[in-house]
Structure formats: C-alpha cells, structure tokens
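Shared chain: subunit A. Partners: subunit B in the first complex, subunit C in the second.
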Partner chain A sequence: MTLDAGETLAVVGESGCGKSLSAMAITGLVPPRAKLIADRIALKGKSLLGLREREWRGIRGRRIAVVFQDPMTSLDPCYTIEDQMREIGRQHLALDARALRARMLDLLRQVGISSPETRLSQYPHQLSGGLRQRVMIAIALMCEPELIIADEPTTALDVTIQAQVLRLLADLQKEHGFGLILITHDLGVVAGAADRIAVMYAGQVVESGPTDTVLSAPAHPYTEGLLHSIPVPGRTARGAPLGFIPGVVPRPDAPHTACGFINRCSRPVSACATPIALMPIDPAHAARCIRPCLGGQIVERHPATETAA
Partner chain B sequence: MLRFLVRRLLMTVLVVAVTSVVAFSLVHLSGDPAAAMAGEGASPADVESVRKTYGFDRPLPEQYVTWLKRVFEGDFGRSHYLRASVAQVLADHAPITITLGALAIAFAVLLSIPLGVLAALYPNTLVDRLAVGLAVGGQAVPSFLFALLLIYIFGVTLRVLPISGSGSWAHFVLPAIALGYYATPAIMRLTRSGMLDALQSDHVRTARAYGLPAWRVIIKHALRHAMIPVVSLIAVQLGFMLGGSIVIETVFALKGVGYLAWQSIQRSDIEVIQAILLLIAAAYALLTLAADVLNGAIDPRIRVG
Partner chain C sequence: MKPDALITVEGATKDYIVHAEGVRATLRALRGIDLTVRRGEVLAIVGESGCGKTTLSRLILGIEEPSAGHVSLEGKAATDYDRLARAALIQPIFQDPYSSLNPRMTIGQIIAAPLVVRGRGGRRERHTQVMDAMRQVGLAEHLRNAYPGQLSGGQRQRVAIARALIGEPEILVCDEPTSALDVSVQSQILNLIAELRARFSLTIVLISHNLAVVHHLADRVAVMYLGQIVESGPTEKIFASPRHHYTRALLDAILVPEAHRRLPRLTIDAEFPSPLTPPPGCAFHPRCPAADAVCREIDPPPVGDGDTRFRCHHPLPTPA
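Up next, the complex of A and B:
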C-alpha cells in the first residue's frame, strides 16, 4: 500500500481481514501477542521500522494521527475535552497555555463545533456520538499530521451523521493536505470518498487500484463477489436473492501455501494452489490473482515468481 | 454533585439507622441480659432487681427508643464491669485500633496496588506469577501464624522491633504488616484485573496512538479507571480493620476495640457491646460514603448526570 500526500486510500474488506491491524502497524502499535513483520514501513521516505519508543512518540499523534471507530469509547471518560486535547497538545507542540487554548478552540471550530468554549469544559459522555467523533478529528488535526488513519470513522454513527463526518474529513483534507487512509467495510463510503482502494482478504491486499477502476471493473474474484453482494436500486431484481460468496474465511493463522481465496473462488485452477503474488495489471492497478477479469474477459497469467508485494 | 452527595448521605443515615436496630436487637434477644449481668450465683430476686434498675422490664421498642435518645445526646451509657462511661472506655481503646487500621491499610495499599499494576503490565509471565504469589500468600497463611512468624523473625531472632504493647510507633509496625498483609490479595487481584481491562480499553489505545509517554498512559488513563472498584474494596477492608482484629490484637497484646469487644461479650457488658456495634456500623457506612465520593471524583460519569 502506498499513499501520496493529499490522497485518500480506502482499505476495504470484511471484519477480521486485517484492515485495522495493517493500518495500526504503520504507527507501530500492534497488540502484545501480534508480531510486526514488514519489509518496509516508511513515511516520506524515512523508514519507521525499528524506531525506539522515544522516536515513536514524535511520530504518533504528531505526524500520523488516528481517528478510531467508536467515538463513545475512544475518549477517556474521566477527563474533559479540554484536558484531553491539552495533554496531547502539550506533548507535541511548544505552545504556552493561552496559545494552546486558542489552538484548541480554533480546531473545534474547524471541525464544525458551534460552541467550542462549552464543549471544551464538558466530559465525553455529555456529547453525542457525532460530536465526539468531531472532537476526535480535531485532536487528530492538532499537530497538522501528514497522515491520518481513519479506522471505520463512521461505523458507530447513524447514517445522517456518517455523511457529515465523511464530508468533514474530505473538506479538511483539501484544506490541510494530509494523506488519508480510510478503513471501512462499507463500499458505499468508498465510492465518493477515496482516490484509490485496496481490497484486503485474509490479511493480504488482493486488489488495489483507482477507486473507479476497481469498483467498475474488479479484476479479483473476491472484489467481484463483494460488489455483487451489494443491492443496487434498479439493477438488482426485486425478490431475487443477493449475491454472496460461498464458504468461510481461512483461519488467520493458516499458512499462506495457496491462494487464500481458492476454496471460495468461482474460477479456481490447479495453479491456484501456490502462493499468489500481487501482480500489476497496469501501472496503477494490481490484483493477487492468476486469472483476473480484465475488460470483461478472464485472462490467464502465469504465477509470478517475484516476491509478494 | 450536590444531589449526588445528598443522596449518598441519606443512604448512609438509613444504613446506620437499620444497623442500630439490628445491634440493639441482637444484644437483647440473645439471652436474658438481666440474668447475664447479675452473674451465675445470683438469686431470682437479684436478677429481678437488676432487671428493674436497668429498665430491662420495659417493652423492647421502648428500651430501644430510650437508648437511641441517649445516644443522640452523646451518652452511650456506662460499662457496669469497668465502672466507667462507655464513651471513656471507647476513647481508651479506639485510638489503638484506628492507628493499627490506618497503618495496616496503608501497608496493604502500598504493597498490593503496585503489585497489581506490575502483574497486569506483564500478564501470564514470571513477574505476574511472582506478584500474584506474593499477594495470595496473605490469604493462604492464617493471620495468627503469620503474626507469630513476624514476631519470631523480627522480634526474637533479629530483635529489631517490639512485639507487644502499644507504647510507640515501632510497636505498630509488626501488627500493621500482619493485619495489612491479609488484605493484600483481594486488592491486588482487583487492581490486576481492572488494569488488564483498562489497558485494553479504546481510550488507552487513543492515548498510545497520540504518542503519550507509557507511564502517563498507565497512571493517568488506565490506573484511574482500574481504581474505581478498588477504592470501594479498600473502604470495606478498612471498615473490617476498624472493627478490630481480635486475633492480631491478642497476639500483639494491643488493647484495641477488637480486644474490648471480645472482653465485653464475655462480661455481658451490653452497653459497651451495643456502642461498639453501632460505631463499627457507622464507620463502615461513613467509609462507604467516602468511597462513593472519591469514586465520584475519579469518574465524572458517577457525579455528572
């Protein structure tokens, strides 16, 4: 996965496919029992692998900020919004108390909070879910990060608020120019919001490319299956069963000795029983499949011998 | 906050009122107080005269009201055995128990909370096992045995600490450790499990993702949450200690409330027993109130509606 400044990359896939884990790995934060194995994680050309705890503190929150899924629980219920914003501001910014408070008020206004003074003095449980997510976004913007990882930022919100939050993120991105990784399992969110899309399945990226291309002409059978399972008004026949992908996801600890999708694929061949690399279709589009669908045709490719991307 | 306080305060008053009834009834319904006070060799006439003198012939509700009225005036009655006012008797014994209880709970808290945090930071490792082992030792060893061990090691073999009496602060060291150690396992385990939960909570993940130093995340954002049930538990444990530990007070020859209660029961000194029961109940209720208020200060969701 790569991301340019000011660009939005959507990472999609079903629950448990490793979207969040992969994104959090960029910040070096993986659960204690997980082991981080990566050939390269870099921000603006500088490797983030093997950083020491102290060096990470200059990255986390300052250059990479995260907006989490559940705004109900992502803020500490014991402290006011002001306490929490100030703590993070003090950690990263060399501002005196007045300037920091002005900065906090400005940020809250930027995320569309109308009475920032009141909100600052309140506790998280006194705010609605939408407001809390706006506060989280304000905190993310605190240090003008180069990258914001939004981990299902709208999943816990109701539909009208979802659209508002997505628009807010897009507007802020235009203004501030941060790269945005948008993790979601909602393809509807992706269509309007992302420049590029990475589809994940069983811990691997199975297809990546420009959003329009991937959504209109999916190359990987998994992406195809995902898109088929979404009802489209006018196109999906009334009363007809929705498309679905048969079978179940392989266990996360299963070794990658074959294509992870082999047992659920609609067009497997014997050559699929080897590990498949992510192979380019054109410079911007790639799929982890030896029989991708290109321009409505199934194309046979030879299993790549190059290492997995 | 004010409404919260008033509500808790009302609860406290209710609890004390109910326990005063229970305390009074227990003492008066467990045998004939007049016969017990008059002693074994007393004639029926003597028992009758005791009954009259102390008002035991009146209906029980009336006796209760009379007693309660006096208590409200600060008069807890007289100890017929010690021939002194109950207030005076309590004033002689309570400071020892309060000192012992405060030191014991301080020891327990200082030992068990760091151990609990340490165990939660390295769960299922050697550190965790050692911390749990050290804390649970307090529950596994009977307190009288542990007290005797302490006496043997520090008092008899090393001769560094006094083992009996309450003459100086040094006298309280061993009993406070013996009594406090007994409270460590519960506090330690609750701290450990609370920390394990808190460390996995979303807001702790947020704090980490925003580059806050590890110790600040642990203390400010995790421990604070883990402490809420622990505060309540500490209040109960301290209440238990203020009730007086008969075993520890006996082993170290401390004449505290536990010792006094035990003696008074043997002497059928019912005015003293009643007063002790009431005061212990009040102490429990007040400590619970204090814990609620403290928890309100820790977590705004408890106090701000």
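Up next, the complex of A and C:
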C-alpha cells in the first residue's frame, strides 16, 4: 500500500482479514508472538524497519498518530483528560505549562468540543463515546503528525455521531494536511471519506484504486460480492434478495497455494489454483485476479503469479 | 384494540432505580410509549443506543413489566401469559449469536430445547422437526452434532433462528440480528428473515441502528428518542418525507457505498442526553435546528397525519 501526503486511504475488509495488523506493522507494534516480514515500510522515504525503541519514540505519537475504535483502551481511566494530554505534550512538545494548556484548549475546540475547560478536568468515563473519540483525535493532533491511522474510529459510535466524527476528520485533514489511513469494515464509511481504497481479504490486498472507481466498477469478484450484499435505499429493490458471498473466509493458517478467494469465487478457472499477484488494471487501479471485471466485461489475464510469497 | 393489532403498547413507561455516582436515582428508560404492531407486518424500531429499544422489546416479550401502561399480545397482557404459552407465541433473536447459545449443548439439542421444555412429541418426531428447521435456515445436516464453538457467526445466528422458529411462533423480536456479523454474511441472514417471514406469515419487530437494513425489510418504522417514539409511519413515507428533525438527521447519516458521495453535514448538534436528566420540553430541543422557546418548555404531543404520527412543534414540511 502507498499513501500520498495529505491523502486518505481506506483499508476495508471483513473482520480478521488483517487490517489492524497492517496498521500495527506500520507503527512497529506487532503483537509479541508475531513476526513482521517486509520488503519495505517507509515514511517519507525513511525506512521504519528495524528501528530501535528509542528511535520509534520520535515517530510514534509524533509523526504517526493512531486513533483506535475504543478510546477506553488508550485513555487511562484514572487520569483526567488534562493529565493525559499534558503527559503527551510534555513528551513531545517544548512548551511551558501555560502554552501547553492553551494548546490543549485550542485542540479540544478544533475537534468540536464546546466547553473545553470543563472537559479537561473530567475523567474518560464521564464522557460519551463520541466525546471520547473527539478527545482521542485532539490527542492525535497534538504534535501535528504527518500520518494518522484511524482503526475503526467510528464503529462503536451511533450513526449520527459517526457521520460527525468522519466529517471532523475530513475537515481537520483539509486544515492540517495529514495523511489518513482509515481502517473500516464498513464500505459505506469509505464513500465520501477516502480518496483511495485498498480492499483486503484473508491477509492480502485484493483490490486497490480510486474510491469512485472501485465502488462503481469493482474489478475483483470479492469487492463486487461485498457491494452487492449491502442494501442501498433507493437503489436496492425493497425486500428483494440481497447478493451474498457463499462459503467462509479461509483459516489464517491455511496453506497459501491458490488464490485465497478461489473457494468462494463466482468465476474461478483452473489457473486460479496458483497464488495470484496484485496486477495493475490501469496505473491507479489494481486487482489480485486473473479474470477481473473491466467496464462490465470479464477479461482474461495471463496468470502472472506472485513473485514473493 | 384495533382489529388487526397483534401487539399493543399503551402509555408504557419503564423506570429503573440506578446508582449514579453514589446517588440513588430513577432512570425513566421509556416515557409513554404507544405502539401497535399489526399481524404479518415487519415493524422496525430505530434510534441511538440508550433510547430504550431493548427495554421496549423486553416489555413486548413479557420478560419485564411496564412501570405504568399496558403491553398486550393478542389482547392479553404480555406478562399474564405463562412461560410456555408466551414462548409459543413470541420468540426473541438477539444480536450476539456467541453468547445466546449454550456452548456445552450440540446444535441439535439447542434447536430441540423449546420442544423438550414443552414435552412436545417423541424423540423421533423431535428429530424430524429439528432436521426440518435446520434445512429451513440453511444449516447442513451434519452440523446437528457440532457445538456452537465450531460454527461461524452466521451459522450461529442461523441456529438461533432455527431454535426460535421450531415452536412455530407468530412473532419474532429481532434485536440487532446482524450487527455482529460481517456484511457478506449479514445479507444471507437478512434474506433468510425475509424468506421465513413470507413462508410462515410471521410478524416481526426488528430493532436496528442500520437504516439501510430497515429500509430494505420493514413495512413500518418507529423512531425512538430518549424513551419516546418521536415519529412512526410507513417505511417509504418516512424515508421520503420525514416530519421530525431527528428522523431527518438519522436519514442524512446513512452512509452507503456508492461512488461520488460526499460525507453528510448534519444539522443536529451535540450529543444524546442522559436519560437521568431529560431536557425539559421537547427532549430533542438541545440538538434541534428548529428549536425555539416553545420547544424548550412544552413537550410536543403526538399528532396524526394520516398513517404517520410525530411529536414536533415545527415539523418539516411535506413535499408539495
């Protein structure tokens, strides 16, 4: 995956497909039992592979900030919002106490919190889910990061709050210019919020391209299947059967000897029995499929197999 | 009772005693609910978390009694049914297919349990019924001897549906039946619910926060806000021309996977208030773009407009 400065990339896929692990790989925080193997992970040309913990400290929270689905996992219940924001500010910013407090109040205002003084003195459990997520975004913005990774930031929120938080992220991005990786299982969240999409399935990116292209003309049968399974008011006939993808996701420990989607695919051929590479369709759009759909037609491509497993 | 009413809720309130920061307080989860569910329809209940949807469903299921008002099924108070008679009439399906199935029972035992409890049929007869139910919800026969832990989320929800249907109830109460499932599986469960509804002429109360799902399945919609129904009516009418500003906001907030969409800019502010301290007047006024002095003081009564009802002093106009 690549992300341009100031751009939003949505990483979408069903639970367990590897979205969160991808985010962890970028921030060097893979789980203890996991081993990260990568050709290259780089931020503005600087490699993030094999960094020491001390070097990460200048990057995590500072150049790359992460916002999680459940703010309670990253907020400490025993400290006020002010304590937690101040701690992060002290680590990364050279500001005196007064300037730091002004910065905190300003950030809370920027994320749409109307009485920031009150909120600063409160504990996380005293805030609603939506407010906590706004606080997390304020904390993420503290050091003006170049990249924000938001992992299911609105999944736990009510629909009206979800729309407002997504809007907030988009508005803040316009103002601050950070790149945004928006991880979500909800394709609805992607439309309007992301410039480009990477669709993941069973640990791989199976399609990537501009949001509007992928949503209106999905090339990979998995993307197509997902889109057909979601009712859209005004477009899907009410009550008519929805599309679905038969079968289940392969186990993560299944051997990687064929296209990962072969057992659920609507158009498999014998050539799909080898691992398939992510192949470009045009310079901006790629699919891990030898029979992608292009302009409404299934096209046959040479079974270029993966170079590296 | 209207002639075709199967479920009738009249003036129902529900209070809970809670301890908020060490102080005993009364939380009014439902504040005067009037609702009719007609035989054979799918009625959806929508609204933000904490607005009282699950509480209302528990009153309808007869699991809890209203603090005031009445809830009746086929003209008889929901809590006056004995357990077996009620189970034969109405069955719940919950959001989480993981916690609602006993992990130590086989799928066959789980599905047969309602029959066993009622002492219905002999072993062989029950076996036939279980196999029928499994076929109807699309579960492969060999899964009869499997345990819930060996099944996927979608399969488990099918088990829950088979168990609910085996006693041939008239009413299903589905509380967020697909929220815990992935989208590719969600659509199969929605298709199943639609199919079974047609086949068995079921009456369904569908609780969902997903307005697109509601639009797809429901005949009528009731929108709840802070323990009240603020708008109700036929699905297409509500979606085409909502009268309440809260309904408008919920519809605006629907995010669909279509190209060339823009993120919505909602006209409502702030957040859902605590039911411990409901705002005076219209409970929605602190978030409403149309609120004025009247809204801050007087709770708007429900007004009828043909087959829709809404509670608002300044309703959105109907299209000319």
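Following the convention adopted for this analysis, the second predicted complex is superposed on the first by the 303 of 309 C-alpha atoms of A that agree within 3 Å, B and C clash if a C-alpha of one lies under 4 Å from a C-alpha of the other, contacts with A are read in each partner's own complex, and residues count from 1 in each chain.
Quick note on the criterion: contacts are C-beta pairs under 8 Å (C-beta built on N, C-alpha and C of every residue); 3 or more make two chains touch, one makes a residue touch a chain.
Being a predicted model, the structure only gives us computed values, none of them experimental.
Look at the residues of subunit A and decide whether subunit B or subunit C touches more of them.
Ranking subunit B and subunit C by residues of subunit A touched puts C first.
Could you say whether A:R60 touches subunit B, subunit C, both of them, or neither, answering first, second, both or neither?
first
Please work out whether A:G239 is in contact with subunit B alone, subunit C alone, both, or neither, and reply first, second, both or neither.
The second partner, subunit C, only.
Of the partners subunit B and subunit C, which touch A:E14 in the superposed model: first, second, both, neither?
Once the two structures are laid over each other on A, A:E14 reaches subunit C alone.
Can you list the residues of subunit A that touch subunit B in one structure and subunit C in the other?
Overlap of subunit B and subunit C footprints on subunit A: empty.
Show me the residue ranges of subunit B that touch subunit A in the complex, using the header's touch definition.
Touching subunit A from subunit B are residues 201-203, 205-214, 216, 220-221, 224-225, 298-301, 304.
Could you pull out which subunit C residues touch subunit A in their complex?
Contacts found on subunit C: 48-49, 152, 182-188, 190-191, 194-195, 209, 211-213, 215-217, 235-236, 239, 249-250, 252-266, 268, 270-272.
Any idea which subunit A residues touch subunit B in the complex?
Against subunit B, subunit A makes touches at 24, 27, 29, 53, 56-62, 65-66, 68, 70, 73-78, 87-88, 91-92, 123, 125-126, 136, 139.
Residues of subunit A touching subunit C in their complex?
By the definition above, subunit A touches subunit C via 14-15, 114, 128, 130-131, 158-164, 166-167, 170, 185-193, 211-213, 215-216, 225-227, 229-233, 235-236, 238-239, 241-245, 248.
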